[in-house]
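Letters A, B, C and D name the chains as they come in the text, with residue numbers starting at 1 for each one.
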């Protein structure tokens, strides 16, 4: 989806993270942010919008947290492990919560099914990167 | 089919824009934002960073403007043509300026070559969507 | 609210814009973004949420556009008039549309009354800065 | 009373957090984000820009993390303690790291002195809110 991998190759002073896991995580964050923005908006248009309040709220939060995480991970210059980890942990928690909520609606709202999948993918990518940073 | 396209299909009350052009533009915005964040950061790590100030500044701006545009276009509920157009025009201008600046450095900085390409793609996607909205 | 004015004073190579109008506009963008995020969220909690769809959508857009505009205006290094203007025009249009929509709900939702005011202030600040850039 | 506080008063279903600590933290996040964007940009314009790489990088990260945190905290509908805490912890760590780096340059760059102060204020506001959430 993005040129993240190609751009990482061109950096003069890249950070120390495993490149494959890093690219997977950046792309998952970017894609999940877009999906969460779309899901919150699709929820809002549903007839049962009053049942979707929690889903909308968590999707909006998740879009914001994923975007910030994607930006922090994209930056290689003067990489700082402590702050990267803390933001990854927040992103993992956020994606987990959003996936769980979307799961409740996945059977009757296809956008929630897709968004759950995207959140699970991003949660896992954060986990793997965190595991590699131990 | 990408997630942006799949999610658009599931919306109960989609906006009136041509779906192909819309998805192209959303994806170009999201991808260009990530590339511009990466290019600004790669510029910062170069030995000739003092020559890269304008490139860094425009890439940071372009990342912010592309992200906002990607979000506005992602939303389908109660689509508003006037404000969407204005943001598309800003995104087109921003991508053009950023591409021109990256072009000056494309021969010696591969990240600028890639980022120029991404900005040109996004500029064109904005143009095409604006053309279709006339 | 912000340290925007103090920080502007410390910049070694500030842009050419009138400082008073610039600070007013940066602060209006930052404040309006926060108000729009709050109003979209307060709308979502209302019993008449189905009537608030357009307000939620425009508030979410306005928060994104104001944040991007506030960042673009904050940057002084290698100021670029053309792209700054285009983003200011989008922000002006966005704040206008959002204020108009909030106005419809201002009598029964106090958050819409406050948000309308914030949007009008930001619209005006954008107008004044654009006027000064002619 | 600020707009953030006034808007909080109008919410039909506010979250459970101490209102004073919450408003302080939202305002600190919003203000710190703007200061960090300004400081990164002022660093970039300095003659010793090569010495400022780490400061620029952390300020850019801090702006992104503070903005996301400010948005998550602003939302009251269906408040989720676990994800709010994780993002607050990330914001606290980010502000701490950015303050420490700005501190190294505070004597010769006034923007770093101001930005350090803003980061310390935001770090403390996050700490206090986290303390109250135990």
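Assume a contact is a pair of C-beta atoms (placed from the backbone, for glycine too) under 8 Å apart; a residue touches a chain by one contact, two chains touch by 3 or more.
Note that the structure is a prediction, hence the values are computed from the model and not measured.
Should one ask which of A-B and B-C has more C-beta pairs in contact, the pair is A-B.
Remark: subunit B and subunit C have CA centroids separated by 21 Å (rounded to whole angstrom). Within subunit A, the positions touching two or more other chains are listed as 41, 44-45, 53, 56-57, 60, 67, 71, 75, 77.
The touch graph of these protein chains is complete, with an edge between every pair of chains.
Across the complex, subunit B is touched by residues 53-54, 56-58, 60-61, 64-65, 67-68, 71-72, 75, 77-78, 80, 82-83, 86-87, 89-90, 93-94, 97 of subunit C. Considering their complex, residues 41, 44-45, 49-50, 53, 56-57, 60 of subunit A touch subunit C.
Residues 1-4, 6-13, 26, 30-31, 33-35, 37-39, 41-42, 44-47, 63, 67, 70-71, 74-77, 109-111, 114-115, 118 of subunit C touch subunit D in their complex.
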